[in-house]
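Please see the structure below; I have some questions.
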């Protein structure tokens, strides 16, 4: 088996897809770092101070003023109210929610990437794993070896997991190195409040806890890794079912994007919470944002995603071991 | 090569059927391969050649029937069966972004106990030493074909299945390939299964041939034997009527429009007697040819007019 | 060319990473589902950030803006409001660093401001302020237009009494935390001066402003800044399309008045 995995890694590295993914991420990091730096600079200019308390206070007031507007939807109002409550909580506990530094940037970035960017990167790898063999025709060579088909597929799946772990690592490393150039490399020990629970549109701070930022990051990356594995598994299934990589990617892309759209508009469609794409924004449970659909919790999302992945994995093996190859 | 070796069965196919949807496309195919022989597989497009080959190498599951490779059932003992089989299905599609050596490394990893020595051996065998470290995407078709053969031979298989091995090669490449296949069968004792649409190829390199049409094997036999049935003698006689009359006493005679007389081929002694009689009766034998038919003729004869292409 | 060593190194490294991320996932699941995380006990507050803050404030003019939509700048298409214009003027006028803290909330009434001002962080901000600008009372009086629809002098008197009480509380609270900073209170103008019955409305507003000025006078370093006169003539030129808030021009002239007062003060 280990030899088979080595084979798959050889192909993966030979194809240079990881390199492409790394480059894309590096470019995006640079862009976002620049944007973030600009934003901070602008705030500083506007407020004339670097004191985070001032900034946070100002943010709260600004949000309160938005709440006063009659034109905003109820869901958005709720989201804003929760945000205010959270910021106020940080302020009351005298903890800076955005201690300047690369780790903080990373924290914000992973929270924003978990729903679309990371799944996309993973998809680029996963959607290609089986279907490229089909379109290249090499599947005929692969399946005429004295190796059972399930072992071949398993070696590919293990490679996928390794690649996902690697992508998440590169994501963190690049984010840290690139943003650190601007924001500095300190801040691993900065305290972060986690454990907010949103219930009935209200922020419940009863079970919050303070953890150092590095631990928070480890948790967030763990979740991002999990989401990426799930998305990877689904892409993997498509890769088994579809002959062309492009078609597989297209289908997955549509699902992912529909997920981000749905998350913003399904609050009244209860059953949508069983769709995998609505559950992808999983780090939002760490930060305590209101979930897209009332009643969704971290446990719920993890369970739903696990079920989707398990079914996809089963189908992949079921189909692959029986498929006629023409 | 002795007779005993010749009888050892390396690949046996029995009652092979394949149904896709509701349509049966392979209606029960049987044949056997012996050690050290080159076996031709001949049929027009759409006859089921490709489907059959893919069933032989495990890419398609047969609906019914058994395939045994060196005594191992392909379905029940896939791994053991495949250890004895090397194949190229259609074009040798390799990983273009890897070098030839890396490609071989991948295949070696999937075989039990194949080391660098064996890899070097096959590379040398197909003559790719110079370019083995170049990326496959820079290879010509002929080189890819060789690398394909190298990977097929890597595991020291007893059966080699080649789908259209001379496809796309230039004339000298075709000749080389033919010699190579003969070499593998005669010197290395492999059973080589070759499908080809080039009839002359089959004729030149195969010991036995199976003729397939519409999902059925029409005939299996030694190439020489099958051809023998179709051998003819062509005569040019003067005067024509008198000569024809004499020959008609011994055999069936056909006269062509050009005035050529065609009889079945008989052994040399018999032919000598006929000539003697003709000469004694004052018929001049201007010309006499022994005609070996092409497989095309044979195929036309067996299928009753269906052409290969 | 992909080397065998490279492949093996990658596999090993990625396998270690997989375990690492899995631990992260477990940690999260444990924290949320098993809830074994210690419940929050505020720890590790960086002391240095406070020091930093006071260091910054030594050479910075800290402006604090409190109140309602006027201070927020509602109606100004540039989004600045009189506070924004004022800050621009201040920054242009000197090399000194100017920080601005605008805590005004749209639609805020005096009782709400009285509450806001009791928040710990607002108080902290008041402490650090060098200059406080304030508008309040407009919403107490006009009640989103209700007052005009059911014009009732008795009700207005009631509003004013409550308001003056709140204003007193607000000013005393500010003074409690900061008795250095000058407080500039901007009075009300009459946005309805061009409408019928302007005599009555103007009278009400003049009285309101008078009482406010009287209340203000009870505290040191307070300045009542009238705006009534600014909007008295050509009111339409200075009003936003809602016919209530000033437009960009309106805020500009309010800021001009403040700026001139400030340059005198310094």
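The first chain written gets the first letter, and so on, giving A, B and C; residue counts start at 1 in each chain.
Following the convention adopted for this analysis, a contact is a pair of C-beta atoms (placed from the backbone, for glycine too) under 8 Å apart; a residue touches a chain by one contact, two chains touch by 3 or more.
Just so it is clear, the model here is predicted, and its values are computed rather than measured.
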Which chain maximises the distance between its CA centroid and that of chain B? C
For which pair of chains is the number of C-beta contacts greatest? A-C
State, to the nearest whole Å, the distance from the C-alpha centre of chain A to the C-alpha centre of chain B. 57
In whole angstrom, the CA-centroid distance of chain A from chain C equals 37
Chain B to chain C: how many Å between their CA centres? 92
I need the residues of chain B touching at least two other chains; which ones are they? 98, 102, 105
Two-or-more-chain contact residues of chain A, please, as numbers and ranges. 6, 10, 14
Enumerate the residues of chain C that touch no fewer than two other chains. 2, 4
Seen from chain A, its contact residues with chain C in the complex are 2, 5-6, 9-10, 13-14, 46-54, 57-58, 61, 64-65, 68-69, 91-96, 161-166, 168-169, 189-191, 193-195, 205-211, 215, 218-223, 225-226, 285-286, 297-299, 302
Of all residues in chain B, which touch chain A in the complex? 54, 57-61, 78-83, 85, 87, 89-98, 102, 105-107, 109-112, 151, 155
Name, in rising order, each residue of chain C that touches chain A in their complex. 2, 4, 6-8, 10-11, 13-15, 17-18, 20-29, 31-33, 35, 37-46, 49, 52-53, 56, 60, 62, 72, 87, 97-107, 120-122, 124-125
Within the complex, chain B is touched by chain A residues 3-4, 6-7, 10-11, 14-16, 136-138, 140-141, 143-148, 322, 324-326
